[in-house]
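Read the structure below first, then the notes.
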């Protein structure tokens, strides 16, 4: 006999066990777009305690809609090994241009990251960071994103994290908080440049970096911070940026 | 050298090839929630030409948020074989109560359906049905959901389908169109009843049925049409309903 | 040294303990207006396991604003003993007319109910009821009200309750759910009548009653269900209605 | 026999008497959050003529929602004496970490302040200040907050106050008015810093101060003006800030 | 020397004296459109204690905009004596068609009604009626209209009135309340008919009547209740309807 | 027999005649608040061709609501002669403080201005100015304010005016256009200062002035441009400012 | 030398001449979609005094967006002669299927109707009808549509028309007014049926008819009134419906 | 027999062919207002591969509404040859002032541009530009405007263009993107000046120019960029600006 009380208890106990298990993590990621999902899988595979916060109900960021609502994405050759790693199918359109289904891609990115051991909390917004006297980001300040959307005035909670990765896309939300609130931070969120796919994809390898002690930036947020060109619906650079962000994070731990 | 024009052409050509390949299908599904994703996978595995239309940017319906924004779902024993089939992990909470990660679950449901061969178009809304003189639903009338959200006045396009499955959740959107526009349809969308998980889960096996020639109803839409109780964040019945809807559809082809 | 992680853990653990302690209660109250706060205090004082759900961030319902935003309320003589019981000050305006400060009154109603042992969860909306084969309300279906305000599609959770008290004011929200979803319920929410303070206050003693097995109605919801007149900013009847609802609930346990 | 006319007269006469009695006060407080409610109680207990204006319908500010909608707050040891003074219960979670019920806490803060003799007007917004030739804030300019929310164009009224306390939280509303309109004011509202509970709590003892002749700032407004770190759902500093603001005000009278 | 405190006291004292002087009136009018302003002037001139409630910030109803935003109105010959009485200028356009300035007209209607001794409260909404055992409307239930526009939940106050005149235009707001809440009321608000100026103007002399004990209806509300045709920007009938409503009211006192 | 076509023609012909008669005026006033209505009456009485544009449906600006929605205003002794001139009643509250009814006052200000010969167009917004090579404002650019409120993209029309008076209140709309678009204009709209009735009232006599060739500023717009203090619901200075603006305009013609 | 005053006068004089020339017409059309533009051209070519009112800023109705925002429409063979008549290019896609550019098509439909002598007023909404004792629609009641969109309360004006054609699309706005306000009208607006292009196109020849004395219905409004199927982005029936509506109108004159 | 599937295929295939045919063009125009429609016709007539993107559903920009919603425009003598070229009728109002119907004018501008061979895509927004190492605009980044209006997060696509013409009106959208994102661009969008028809019309001949390699600006966007005066509803300059922009573009190819 199914019992609603037990269903309630099962969900609440599992969640709060998970929550209490993640009040202190090694890497906390803001945003569950393609770059951070790649990063999360890699980190979890390396045994790093990893959690991703996403303010929307769903994960996957801007990948769902393909280009102009046509649900296909393009990936260049050098990044197809990441598609392979996630079990995403793709078709060759022309030399170096591979097309994948955007919905399948998001599905695999999300499920593989979780199965590798990363925790993902959706509907949670990173609204600030924790700081300490060593001028280092030392954690994240969280709230339900519904609190904000509903216009409520409710205090946040905080967790500790050794390293934070900002993969919140064009808005570079965590970087903007640090830029605005910590005057000694020596970077500015410059905003992305006009589109130039070739240069934008390559720039990501340089713009994916630690920009403040404890804060790494990945994906479009990386190009937005460092004024790299935007690329449109080609995602190879995004996936590789996630991989690189994970590598930098592991180094910093 | 990456070239934006080629990226554009790759996406548009792939999409429009797909679009033209799906102007006539065997089964057209409205809504990409859990039930219809299970149905789509099964249909595609059986070699049925299958397409799913989802009006949101993402698929997965109400499963993302778990229960009360705690991202976990419960599945009872009899449905764990579907989780196995999709490669979704789960943990035993207590006899007959299994807990899964809601984000991983949606990811797998979506990616497996696509990999089995079903096409999914997100951001497309089913706004009406096609009829013919044999009083049978013979296709779907489609529009970009953004047209509606943006308050634009733009005509739809239509595709043919031998069978239609309405898996649009509580709103039972296709059923309501048929109820309102075809007086000879002998059903009413009664709305779901108060919560009673045990009865609601079982009811789904009966309420998942062909309610008008060419129109099958699945998932919460099935209970909504037939006044079954609602169940909350237990998803076994939903998954089994999708499976059954696919079986009925295959029979009707 | 204050530590944010510990602050987080203290709040989450206390809440989790409380939540799991209240997945099954003796009396579940919907709405934390004056009537239900009086009922909750009385129930808790009698040792009844009691929880109140309020969808707003604050409790107190329509009492905060006094009459036309002038923050004073009127209470007639027979109800001043309840003010005394809650430690609320009042001043005699004229025979049988006592004036109290609306803000002080809400403050005391809320704090005394909690101190008596009732749990109150704000920001939680009762969105449905649980039913069983004996045609009896057997619990409440809950969701964060922010989910609704933010337009999200997230499943609810449910708790069991032997008795439910609907004190949601003019809207009589739980009663409306029962009226709409359970055809065999033999009442209709008739709506309150034009103002007539004398009759409205007295009517509350009759309209506060069990209107469906397991469902008691209190405060303005009682008059709204039974077409009693409205009363304006006189609150004696509301307070006495809460007291009576508690007495009926205790009888039914 | 209850008579609606008498109810109306009772409320309006009491309000009118109170309003006319408070067109000139010793201390006028903007905002009825935790800090200002503590300040108001202390001032009233010292016999100071005190009025608090709150633009929302309810008082209590951001305390209602605890942390992330879990209705519990944390208070450190040194501030538990204020909880005792207000009759608020609390439980020891761990050394120096005490947990209280957020709803009970607001209820007591509000009712005790009123019972001590402070007047509180809700739904009234401080929209400007009065100035005189001695470059001193000498009163407050008031309007119904509903006027603003309804988009109406209606003139305000003004009252005199020897001292003003701005306890309007993060927005520091009165301070911003002074900053913008009085160029000779030598402060800027700097905004609060990232979270650091330990430092933020201590900073409040310094940031709670007279920042312009006749204008004291309390609670989160104090840290917001002076760029102190934010603290999250720990409230000891807030309560102590209210106490200190009252002491400074008494000194200035 | 001007003193803000005295300005505040002057306004509040005058207003609250007026308010307390009008908690019981002979005639209470809902809506300050042209018909009710004519009625109010006539009633006041006859020494009747009269108050008009208007929910907008301004009075004059639909007369300000003339026809299609061209600020002119037309009045037929038989009603020019009312224009004369109010001191409104007009010009002959053709036999029986006189044109007046819509802005001047509203100005005069309002100022003359007040100068005759009628009180007008703007920004106050009639949200219900008072009833007594003799099945007679015996007063009005009032609230600030800003409360409603701002979405606040605040109780109303009530005043007594021997006779009520509903001049709220097409919506016939008071009539609709009576129709909905008092089943024994034997009228329905039928809504106005298509435009036919000739018939509509004449119909007003019949439709202006007491439709429920204590409730008279005037102006467009009269035609809306009794399904008279609408007339457009010709105002003679409106003015005469106000005059007639006043005569009926005097008779009933 | 009333004929709708004739009603239409009467209104449109009268309006057309008026419109074409005012494509070139001596003084064009933006805003129909108290100051500009006084100015318009005085100008018209002196035989000056005068038109007032008001973007709202009604005229009277912020005077309707008195202070805090209590419909009374205060006027000091020196301005009562203007009340007398307009036929507005007032009552002595105390030496030098006279109270008038805000609704009667607006009614008289509007009707007397029209009867003196000034044209007033409501629902028309001044969206820009005309300039010529002599660096002088030489006219006004007009549009229906409904065009803006409805979010339409429609071109304006323009009229010529020898002198323009900006009486648009706190926003000083015409002055802001000139400030932003004409760099050689040597003033800035500084915004009004905190409230100080005594100083604010007196400042108006200085701040009412020609601030750019052909542009005079009156009423609260005058204090807003020149950083004078605000005054609250005392209107003597406003009325006198209107009178002075008219005098300056006549001088400039 | 260009002079703004002359530009203003040119536009206002031409418009108001036109307006006064059209206060009484032979045929008044509501809605400027494809059907009514065809009707207007034909009527004007026959020398009938014709005016079209369109509430949007642009004309062309739902034709602009083609199908699903792909700006192409389809026309069947029998209607290509109307395309020829309007000078619209088209291409054969397949037997009996001709494709035209949707933007070019609207442009020609509009410009040819005007050049044939029909007047079109955009931004004007038909908000009611005129009636007379012979139970016949005898004119249209008009208002600026911006009045409605801006939420203003402004009276309409009316014009006379011997015959009215409702071509307002799915909403059948004029028909709904007649259905609701004239009980003796013996039709109901049934709403369009599911899509069936073949039947829908043919149905239009029957559903385009006089449904009430003086009221003809055309285009999608015709199918909406008579429950014909909808057709999607095929426009032949629409064009032929406009032609037929004109023929019926001419017959009735 | 009409077949919906064929209608769908006809539209999608034609669109796809057109889309793929325009992934690389000679001139890409942003905005389909009067200036760009003139430019598009001229370019197409010269055999230049031309496409126009318009984010609204309709084309024609601000011309539809004439002046103040009176649907007439004025054109001076020197530009009447362009009216002649497009087949637009006009009437002489006075020497050098010609009046045309605004609806007919838009219709002709649109249809003639398409018939000359220019492609126009409505509902498509230019949201960025393509750049290359030679610091030259080399294409446009496109998205459905409904994506933006619906608040969706969907990636754009891009096309190549040798020359781009920004004719997006007052907002000068493409110019603002270049100004903000390319620091080396040596222009600023200054905004248009107050109205002065004579000077504004003439200025357009100078302000219509290439302001950045590959980017020409036309129509009101040209005056907005270069701080030319605005002109109101006189359109000669706009039409001539379009012609000039086309000439500059041809020169640059």
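All chains are identified by letter, namely A, B, C, D, E, F, G and H, in their written order; residue positions are counted from 1 within each chain.
By our rule, a residue touches a chain if its C-beta (ideal position, glycine included) is under 8 Å from a C-beta of that chain, and two chains touch if they have at least 3 such contacts.
Since the structure is predicted, the reported quantities are computational estimates derived from the model, not experimental observations.
Engineer: Please identify which chain has its centre, taken as the mean of its CA atoms, farthest from the centre of chain H.
Structural biologist: Result for max centroid distance from chain H is chain C.
Engineer: What's the chain with its C-alpha centre farthest out from chain D?
Structural biologist: The chain farthest from chain D, judged by C-alpha centres, is G.
Engineer: So using the touch definition from the top, which pair is joined by more C-beta contacts, B-H or E-F?
Structural biologist: Result of the comparison of B-H and E-F: E-F.
Engineer: Distance-wise, how many Å sit between the C-alpha centres of chain B and chain E, to the nearest whole number?
Structural biologist: 56
Engineer: Any idea how many Å lie between the Cα centroids of chain G and chain H?
Structural biologist: Between these chains, centre-to-centre, one finds 28 Å.
Engineer: Could you give the separation in Å between the centres of chain B and chain G, each centre being the mean of its C-alpha atoms?
Structural biologist: Chain B and chain G have C-alpha centres separated by 39 Å.
Engineer: For chain C, jot down the residues that touch at least 2 other chains.
Structural biologist: Residues 4, 7-8, 11-13, 57, 64-69, 123, 130, 139, 144, 146-147, 152-154, 157-158, 195, 197, 232-233.
Engineer: By the document's touch rule, what are all the touching chain pairs in this structure?
Structural biologist: Final set of chain pairs in contact is A-B, A-C, A-D, A-H, B-C, B-G, B-H, C-D, C-E, D-E, D-F, E-F, E-G, F-G, F-H, G-H.
Engineer: Enumerate the contact residues on chain G facing chain F in the complex.
Structural biologist: Going through chain G, the ones touching chain F are 4-5, 7-9, 11-13, 16, 19-20, 23-24, 57, 123, 130, 139, 144-147, 149-154, 157-160.
Engineer: Sort out for me which residues of chain D touch chain F in the complex.
Structural biologist: 128-132, 139, 141-144, 147, 152-158, 177-178, 180-182
Engineer: Quick check: in the complex, which residue numbers of chain D touch chain A?
Structural biologist: It comes out as residues 61-62, 64-69, 169, 191, 193-197, 229-230, 232-233.
Engineer: Taking the touch rule as given, give the residues of chain D at its contact with chain C in the complex, in rising order.
Structural biologist: It comes out as residues 1-4, 6-8, 10-15, 57-60, 64-74, 76, 87-89, 91, 93-94, 96-97, 99, 101, 103-112, 114-115, 120-123, 144, 146, 195, 197-198, 201, 232-234.
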